[in-house]
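Following: one structure in C-alpha cells, then a few remarks.
Which chain is which? They are A, B, C and D, in the order written, and residues in each are numbered from 1.
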Amino acid sequence: MTLRRMIPMWIAVIGGFVMLLSAFVRPIEGIGENFADAFNVIAAIAVALGAGSLLKVNLSKISRREAGWGFAGVILITFAITLIVGLLKIGVHPSHDFPAALFSGKQETADSPFGWLYEYAMVPLTSTMFALLAFYVASAAFRAFRAKNVEAVLLLVTAFIVLLGRTFAGVVLTGWLPDWASGLRFENLSVYVMQVFNTAGNRAIIIGIALGVAATSLRILLGVDRSWMGGGDSA
Amino acid sequence: MVLGACIGFAKAAAGQVAQHPAQPAAISQTALQAAQPAPTLLKESRLPLFTWILGIAIATTIFVARARGGKPPTIRRIAALEAVDEAVGRATEMGRPILFIPGIQDMDNIQTVAGITMLGRVAKTAAEYDAVIEAPTSRSLVMEAARDAVQASCLAAGRPDAFQPDRINYITDEQFGYAAYVGGKMMREKPAACFYMGCFFAESLIFAENGNAIGAIQIAGTAESSQLPFFVAACDYTLIGEEFFAASAYLSGEPDQLGTLQAQDATKLAILMFIVAGTLAATIAAVMPSADFFAKTSAFLQRAMGN
Amino acid sequence: MNLLKVLDAIDRRWVFLWMGLAVAVPILWIGLTGRTFPETPTPAARAVYEAIDSLPTGSLVLFAFDYDPASSGELQPMSTSLLRQCAAKGHRIVCIALWPLGGNLAQETITNVIREDYPNMREGVDFVNLGYQAGNEGVMKVALTDFIKAFPVDSRGQAASKIEMLRGVKRVSDFPLLINVSAGYPGNKEWIQYVITSSEGKMKMVAGCTGVQAPQMYPYYPAQLAGLLGAIKGAAEYESLVNQSIGGIAPPKYLEAQRRMAPQLFGHLLMVLLIIVGNIIFFANKRGDLR
Amino acid sequence: MNRQRITWLVIGLIFVAMLVARATTGQGIGRVYVKREQIALAQVALAGAAATSAQAVQPLPVGAGVKSEISNSANNAFIPADNQAWESVPLAKATRAWVEWNQVPPKEYFVAQATDPTQTQIVLSWPRTIGLWLAAFFTLAIFSFLYADNIFYKFAEATVIGVSAGYWMVIGFWDTLIPKLFGALTPEYVMQLVQPTLQPTPMSQKISMWFALILGVMMLWRLAPRGGWIAAWPLAFIVGVTAGLKIVSHVESDLMAQTVASMKPVVQLVPAVAGGTDWYASIWATLANALVLVGVICTLVYFLFSVQHKGVVGATARVGVWYLMITFGAAFGFTVMGRIALLAARFEFLFDDWLWLIDPNHLRS
C-alpha cells in the first residue's frame, strides 16, 4: 500500500480511537465537543469547493450552449446576488443594542435584500417542493399498496387503520362501538398499532442500525475497510 | 500490515478482557464500583458501555482473523445487492447514465460514509461495464469524498479514464433545492438506474416517485427508518437499516469484510440472549415478589446494559 | 369493468388533481365558514399538557425550536400552543434553536404569543430567546456541562451570563422540563440520546414532531419522553386542550391546527379510497376481468 | 400547436381571467403594508462595572413614531426618554438613526386610512408586494412540475438552487466562521464589528480552531494545481472521528438503551380504580407486552446475515418481516398526515396571503 494511502488511513484510525477513548477517559473528555465546532468550520471553509464546482459546471454549460444554458445563467446570477447581499449584510441595520458595531444586525432582517430573498424566494420554493409530497404519497399508495402477499396486506391494512384513526372519520365510523369494545375504535386501534407493533419493529430496527453503525465504525477504525477513501484494494 | 494492526489490537484487547471479561457478573461488579463517586482517570460509570464496545471489537477481530485463516462465512443472499449488477448492466445496454444519490447529510454522518463506500463499489462495477455514473451531492465535503471514491474505483477497475469529476458535482446544501434539481434532472435525462444510498429525509419520495415515473431500476438503502416505507413502496429493492451498513462488506466479497458481518450476528445473538434472559427474570420477579434471586438477576442484566 | 379499465390505465396526474382538490376545497370551506372538527385528545397529547401543567408556576422551561419554515405548516401550531400554555401557567421560558432558522421561528412565536397576549412578561426575566447555535449534538454535549457556554448570547446579542433568569442555570439539566419541537436532525432523538439519557431523570422532556418521525418517537414514550405530539393531529388535540383550559373564545391564531384537520380528513379519505380502488383493480386483474 | 401547449394556454387564460376578476372585487388582492419606525439612538457613558466590551447606546425619542422602549441590556445605562436628555449626559457621542419598515396586517392600514387619509406611517410596500407575487408565482411554478417538466419549473428550480446555495454559504460564514473561527482567532475584530459581547474562548477551543483552519486549508488545496492529494487527510480525519463518536453514541443510547427497554416484565397487573386488579386491562397489557417482545426478537432474527433464512430461522424471520411491514404501514399513515398539512399550508398561502379569498386569522377584517 502506498504511503499516500497509508497516511490517511492512520489519521482516521488514530483520530477515531482518540474520540472513542474520550468517552471513557476524563482528561480528554471535552475533545468530542470541540470536534463538532471544528467540523462545522472545516465544512464552512470547504463550501469554497462546492461553489467552485457550481460555477465550473454552470459556466461550462453556458459556454458550450448546452440545452438549458439559460437556466445555468439564472443559477449563477441568483447565486451571486444572494452571496453578495448576504456576506456584506447590505441593507441590514445594526442591532439596537450595539449600533456601534457595523455588522451586529442579523442578516435575515426582514427589510434587507437578503431577508427578502429568503422570505419571497427560498421559503415559497422549498416549502412548495416539500408540499409536492402530498401528491406523491397519493400516487405511491394508489400504485404500490396492492394486496400481492401477506406482507403487502399488513402494510396497507396498517396504513389504512392509521389513516382513518388519525382523523375525525375514524370517530364517525367506529364511534358507535360500546365501551367494552372501545378498543376496536379506529383511533384506539391506531394507538395500539403504534405502541405495540410499531414499537417492536422500530426497536429492532434501532438496535440493528446501532449494530450496523458499530460494525461500520470498527471496519474503519481497525482499517479493515478503506474503500471510503477510494474503492477496491482493502486488506 | 493491517492484519498486524488487527492482531495487535486483538492481543491488547485480550489483555483488557483478562481484567473484565464480558460476563454479566463481572460487568455488574464494575458497575457496582461505579457506584462510589471518585474523580478518577476513567469513567467507571461507563464500564458497561466500554465492555460492550470492547466485546464487539473483539468479536470483529476474531471473526476477521478466522475469515483470513480460510474460514470465510456464508452470507445469506440480499436481493437488493444481487440486483446491482443487473441495474448497471441495464444502464449500459440502454446507453443511459446511472444516478447515485449519497444522501443529503454531511461526512460527519456515518450513513453518508456508508453511502460513499457503496458509491465506490457501484462505480467500480460501472467502470467495468463502461457505464456513466452521475452523483450530484448536497455537501461540498461529500462531493470531494465521492470524487476520491469514484476515482479510486476507476483505477481499481483498470479504467482511470472512466473518471469524470464534473459528473460528481455540488448543487446546494438546501434539502429541497437539491430535491428540485434531482427531480428535474431525472425527468430530463431519464437515468436507467437510480441508487439512493445514505441518509435521507422527506426528499426520498420525490426521488423514488420520479424515478418510478421514468421507469428506472431503483435500489435504495438507508438507516432513516422514517423513509424506509417510501423506498419500500416506490423502489424495486430496498436495504433496510442494518442491511444498508452490511451492503458494502457484502459486495466486497472479501473474507475479512464478511467476517465483520459474522461479528455483527454474534453481537445480535448476545443481545437476543440478554433480552430473553432479562425479560424472563423480570417477569418471574414481578409475578413472585418472594423470588429474590430473579429480582437480583434482572437488576444485574439491566446494569450490564448500562441502566 | 370499463371504469376499472380506465382507472387501471389512469395517468398519475389525475391522482394529483384529486389530491389537490381534496385539500384545497376544505380549506376554502373552513376559511369561509370558520368551522372546525371536535378533537378527542389521546394519552400522549394529554401527557404533554399534564407535564407542563404539573410544574410549579414560575419554573424554568427550556424550549428548543429545531425546525425550519419548510415544516412549520405542521409544527408551528404546536409551538404556538406550547408557548401559550407555558406563558399562561407563568413559567419562565428559555428559547433555543439548533436549526439555523429555528431562532427566527422562536422569535416569531414569541412575538405572536407573548408580546401580543402576555405583554407584561419581560424579556430576560420571564422569557429569553438564545437563538441558534451551530454544532448539533456538539452543542447539547457542551450544554450538559455548561449551558451558558453552549448558548453564550441571546438573540439581542446580550451575554447570557448577564441575563437574570439564567443566573441559577449551570447545566442544561437544571431545567426541570425540556420542550422540543423538531422536524428531524438534530431533534427529539438527539435530545433524548445526549441530554435526557444522561440527566438521570432530573429532567423531563416533552416533544412535538412531524408525522414522519412520530413512529420512531413512540418507542421513547412514556419512558424517556413524558409526552409526545405527533403531527398536526397531535397539535390539534393539544391545541384544543390548551384552549379548553384557558377558556373563552380562542382567537383564530390558536385554532390553526384544528383548522388544518379538515383538509387532513378529506386527504386521508382520498388515500383510503385510492388504496381500495387500487386493490379492486388488482383483484380484477388477477381474475382476468380486465383482459 | 400540440396538445400540451393548448392545455397550458387554456389553463393560463382561465387563471388570468379569475385573477383579474378577483383583483377587481372586494378588498382586492395580495398587497403588503409596512409601518414606518424611526430609530434614533444616542451613545452615552456606561454605568461603572457594566462597562465591559460594548459601548452602550440608548434609544432616544425624536419626533413621531419613535422606538421609546429602553433595551434592557446589562451594558446600557438608562436615561429618561426625554428629547434633549442625552446631550446633557457626560461623554455623549453622536446619535445613530435609521428608519425601519415593519410589516403590519392590512387591516391596520385600512383603519389608519379611514382615520387620516393623509397619513404616511403605514404605507404599501412595493418590494414586499412584488415579493409576495413572486412567491405566488414560484409556488405555482413548482406545482406545475406535477403536470410535466416545463419552463416555469426550470426557472424556479434554477432560482432555488442559486439562492439556497448562496443562502447556506452566507449562513455558514456569519453563524459559523465568524463566531467560531474568527471569534477564537481574532476576537478583537469580531467584538468591534459583529458581536461586542463575544465571550473569551478557552485555550482548547482556540487550538481546535487553528487545527480546523489548517485542515480546511488542506481541503482547499484541491483547487491548487499540484498536491491535491493532501485533501485526503482532513477527509480521513473527519471520517475516523465520526466513526469514533458514532459508535459510542449508538451503542449507548440505541443498542443498550433499547435492549434495556425490552427487558421489562411481560406480565403486567393493572390496578382497578375500585382497588384490587383490573383483570380485563391486565390481560390486554400483558398481551401487548408479549407481542412487543416477540416482535423485537423475530425482527432481530430477520437481520441475521450469516445464517440462511430456512426452517425455524426462516419462519421467525418471516414474522419479523411482518412486524417490519406493519411498522412501515404505520409510518406511511403518519407521514401522509404531515405531507397533507404542508400542502394545506401552501394553499393557505395562495388563498389567504395572495388571493385574499379567505381570512382565517382576521388580518383584513
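Assume a contact is a pair of C-beta atoms (placed from the backbone, for glycine too) under 8 Å apart; a residue touches a chain by one contact, two chains touch by 3 or more.
Computed from a predicted model, the values in this text were never measured in an experiment.
Judged by contacting C-beta pairs, the busier of the interfaces B-C and B-D is B-D.
Distance from each chain's C-alpha mean to the overall C-alpha mean is smallest for A. Distance from the centre of chain D peaks at B, each centre being the average of the chain's Cα atoms. One inter-chain figure worth recording: chain B and chain C are separated by 30 Å, centre to centre, where each centre is the mean of the chain's CA atoms.
We define each chain's centre as the mean of its Cα atoms; on that basis chain B and chain D are separated by 29 Å.
Separating the centre of chain A from that of chain B, both taken as means of CA atoms, is a distance of 17 Å.
Distance between chain centres (mean CA atoms), chain A to chain D: 13 Å. In chain C, the positions touching at least two other chains are 12, 16, 19, 23, 70-71, 73, 134, 137, 156-158, 212, 214-216, 219, 231, 233, 264, 267-268, 271.
Contact of a single residue of chain A with at least two other chains is seen at positions 13, 20, 23, 32, 35, 37, 39-40, 42-43, 46-51, 54, 68, 96-98, 104, 122-123, 125-127, 129-135, 137, 139, 141, 143, 145, 155-156, 159-160, 163, 166, 194-195, 198-199, 202-203, 205-209, 211, 213-214, 216-218, 220, 228-229. Residue numbers of chain D whose C-beta contacts span two or more other chains: 71, 73, 75, 142, 145-146, 154, 156-157, 160-161, 163-165, 167-168, 171, 176, 180, 195-197, 219, 222, 232, 235, 238-239, 243, 246-248, 251-252, 254-255, 257-259, 261-262, 293, 296, 300, 303, 324, 327-332, 334-337, 339-340, 342-343, 345-346.
In the complex of the two chains, the chain C residues touching chain B come out as 12, 70, 184-185, 212-213, 215-216.
Interface of chain C with chain D (complex): residues 13, 16, 19, 23-24, 27-28, 30-32, 34, 70-74, 100, 122-124, 132, 134, 137, 149, 152-153, 156-159, 161-163, 192-194, 197, 210-212, 214-215, 219, 223-224, 230-233, 252-253, 255-256, 259-260, 263-264, 267-268, 271.
Chain D makes touch with chain C in their complex at residues 71-75, 146-147, 171, 175-176, 180, 195-199, 249, 252-254, 257-258, 261, 327, 330-331, 334-348, 351-352, 357-362. Interface of chain C with chain A (complex): residues 12, 15-16, 18-20, 23, 37-38, 40, 42-44, 69-71, 73, 101, 104, 134-139, 141-142, 155-158, 214-216, 218-219, 231, 233, 261, 264-265, 267-272, 274-275, 277-279, 281-283.
Those residues of chain B whose C-beta lies close enough to touch chain A in the complex are 1-3, 5-6, 9, 39-43, 46, 49-50, 53, 56-57, 60-61, 64, 106, 108, 110, 113-114, 116-117, 120-121, 123-124, 139-141, 143-145, 148-153, 155-157, 166, 169-177, 179-180, 188, 202, 205-206, 208-209, 212, 223, 225, 228-230, 232-234, 240-242, 244-246, 248-249, 252, 254, 256-257, 260-261, 263-264, 267-268, 271.
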